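Okay, so chain A shows up in both of these, paired with chain B first and chain C after.
Now for the complex of A and B:
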């Protein structure tokens, strides 16, 4: 019975965890982190099982309440969404493991159970967005995720984070408004909300009402790129990710911006008929925006003095990479961007977590004040350096693999220019990441006398993340082979 | 020649798009955060109007089964928009709560003034 209902359970488990944290957290504050730990841990097991099931038997369909589509809500878990579900649950679990050791220092103990409740709601919404095949269902969870994410930014309640949260909330509402408008247009011309049914009706609708379909595509593009922070719609991201508590920054940068990209991939590749992809100016706008994003994100990251702000601007550049791979519209390009979703989730959450723990232990946030920290706190700084090197794309770390496939994708599309973009931007990444690493290990003494010890959760999550950075560099064939059939099906190969 | 009859037939959609643009304009050009929230609401209401108008059938009645010879309106868009309204209310409430907090810090709800105050405090550090 559990196996049949797994697609529903992966949403229900974190939601149930939310209720438990809220109910038990009032009396037993300590319990909330354990509940979060258990529910995300369960999620890892469930999503892992689902991913194996999808690999064995093909796509998993789930019809809520026994109502068949197009009437009921349908969850379809294919390889791409199973892949992303596994990323969400494992990174979410590691962030909770990390938070169990340090969260009290950043969030008031009185509201810690609210924090975990929001965190679990966010996880549930991310999972539902990537699993759902119903476009209105996706919209509802999109809104849940934007409220939860904005609340996770505002949770510290200081000036900066409240301001960032207002900005984030208003812009992401704009994004979901555009997305809802797109749904209205699509529903108007196709009469369906289920993505598979829309896909079957769209060719006819396109010939009858081309304007509506084009308008909805444009609105989907704008709505989802605001939420995924693709340049020039990234303005909310640096403030929000830079001023949030460590664990929030990690989940926002590592997972939340990616889920919108997954929705975008679903709509562009599964719904839109392939022969229409070339009729809309999608390729051009995506490539232009992502190239600008890669460069301007990196250049702005270089100018930042605050380490978390720097990491946030680097996310803008990395989102550019992912959209570049989509915009190339080639097999290897899409593989590259999906791999980059995995690799960036690992790298960026590791970078944010290690930067956060360094800020907590030393009180230093400025990029130029981290001299000699690596000798005092080796583990966080080694994790940070691994993440930084992987960002630059140094083999054999995982960041190299995804850039390699993005480059191959560009060559397949005959667009050598984007290979140069990748190379130059790797150089730019090196310019702002490497000085930190060099200063931390070879700089003058930090002046910190007796280092505090790291808690078990912090060390454990940083070690697992560092190991997986190296692991997915050497064994990139594991995600690659998992994704290959799904991606080749999307391109009709 | 511009087809006015067609425009009149689709006046719901035209109104919805005009409202959407008004809301969008208010949201992007006004620096007062309360006005931004109002603009956000106008924009969302416009989308709701657009969505509900899809289900409208001229002279249609409520879709209650068991009656012969009556045209029904499509109830699905209205049902969906109920969800949309709930979402929009909760986002408005949350945004206003955050703005109250900002007002208690800065004594203003104007985004430009807040940015200015922040710049002053950044310089003095």
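Now for the complex of A and C:
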């Protein structure tokens, strides 16, 4: 009973949690963090089970209300979406665990149940986007995710965060508009909204109405890259991720920008027929934008004085890596970018969480004011350093593995230039991450006399994230073997 | 807005607006409209009440706390009705396959779970609209 309905339950559980927090939050504000913990914890179990099911029996199909496609809404969970679902639920759970210890200091106690409600509805929308096979359903949840994400930025209510949030809202609405326009075009030429049915009709539609299909591809590209913050459409990201509360920054940088990439992969590889991939100028535009993003994101990150702003610009560069892997259009490239989705989710949420706790404990945000912090607060700074080293791509850590596969993908495509891009950008990453690590551990004394103790939730989530950084460095074969059949099917191997 | 004409007219037409709102909600499965449209109409009557009699009087009729609870309750009812399908072994949001009686087409008590869902949406939308409006007015007062 429950097993058959898992694809629906993974969306229903966080949605139910959302409204339960809102209802109980009117009287019992304290209950909201418990509800969030329980519902994200349940999600981890459900998505884990679902991922195992997909590995065992192949793709899982779910028709809402028993209505078959193309009339009903269909969820299709293949290995790629199951992989991403598991990332969303586990990182979301860890962020809630972290937030249970620190959120009161960043968000006014009066609105804390609203915060958890927004957080859960965001998780629900991310899950539905990655599981849905219906393009209009995807659009609806895209809108939910952008409204919830913008609200999570604005929640502190100060001038900076509201400005950032409005900017984010306007640009992501622009992205949604482009995506909706693309859906309208696709629906006009194919007559379907279900991705599988669109895929079957698209070759015919392409020959009849090539301009409409090309226009909608362009709109999908623009709409989703605005939302995923690929350079030069990244302008909203540094402000939004830099001025949000810690837990919001972690989920926005770690998960939200990735979900749009998953949609992009779905549309490009599952809907568009493989022989048309080379007829559209997709490879060129993706590679150009991602290369520029990698370099300019890193260079701008280097100039930042504020640690959270620096991390936010680093996300621009990392999104560039992920799109680079997609743009290479090779097996290893796509594997690399999917692995980087996992690894960057772990690294960046860990970096944002540890930076946030350091800011909370010391009140220091400037990159050059972190002298000696590592000796006062070892755990957050060790987590930060692990994340930083992994970003640079030091071998035993997980960041190295995904860069390795991106490099292999570039070589498979015969494009040695992008291997050089990867090497130079790793060097650039080192230039802005390593000084912080060196300052924190070997710099002069911080002048902090009595260090405060960390709460259990904070320590626990940082420890788990640090361990998984190392774990996925050594055992990268686990996600690799999980993804390999799905990716080779996409390339028809 | 303390105008006697506005107050008297509002007092006369508010019941009719609400009745029409409930009509639209309860005929969601039969005619154009439904939960969202009907809920908005009901909320419009309450907004008219605020405009004519002020926020304090409205707060007595529909306290903000109650509005918030109804808002969440509407969504929870929706989810629970959806879960009935899961519990009986069909799919989420199943209607006939989940054992809801479909009734005679054209009657108000027909269409299985759709009517219940429409009513839940109606309550949710009405209370959401009224809370949104109250928040806007409160901000104006503070500023």
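In this section, the second predicted complex is superposed on the first by the 493 of 493 C-alpha atoms of A that agree within 3 Å, B and C clash if a C-alpha of one lies under 4 Å from a C-alpha of the other, contacts with A are read in each partner's own complex, and residues count from 1 in each chain.
As a convention for this text, contacts are C-beta pairs under 8 Å (C-beta built on N, C-alpha and C of every residue); 3 or more make two chains touch, one makes a residue touch a chain.
Everything quoted here is computed from the prediction, not taken from an experiment.
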First (chain B), second (chain C), both or neither touched by A:166: first
Which superposed partner A:15 touches (first chain B, second chain C, both, neither): second
Contact breadth on chain A, by residue count: chain C or chain B: B
Contacts of A:49 with chain B and chain C, given as first, second, both or neither: neither
Contacts of A:276 with chain B and chain C, given as first, second, both or neither: neither
Chain B and chain C contact sites that coincide on chain A, given as residue numbers: none
List of chain A residues in touch with chain C within their complex: 1-2, 4-5, 8-9, 12, 15-16, 18-20, 22-23, 26, 62-66
Interfacial residue positions of chain B with respect to chain A in the complex: 20, 24, 27, 33, 36-37, 40, 43-44, 47, 50-51, 54, 77, 80, 83-84, 87, 90-91, 94-95, 98-99, 101-102, 105-106, 114, 118
Chain A contact footprint on chain C (complex, rising order): 65, 68-69, 71-73, 75-76, 79, 82-83, 85-87, 89-95, 97
Touching residues (chain side chain A, partner chain B) in the complex: 136, 139-140, 143, 146-147, 150-151, 154, 157, 159, 162-163, 165-166, 169-170, 173-174, 177, 180-181, 183-184, 187-188, 193
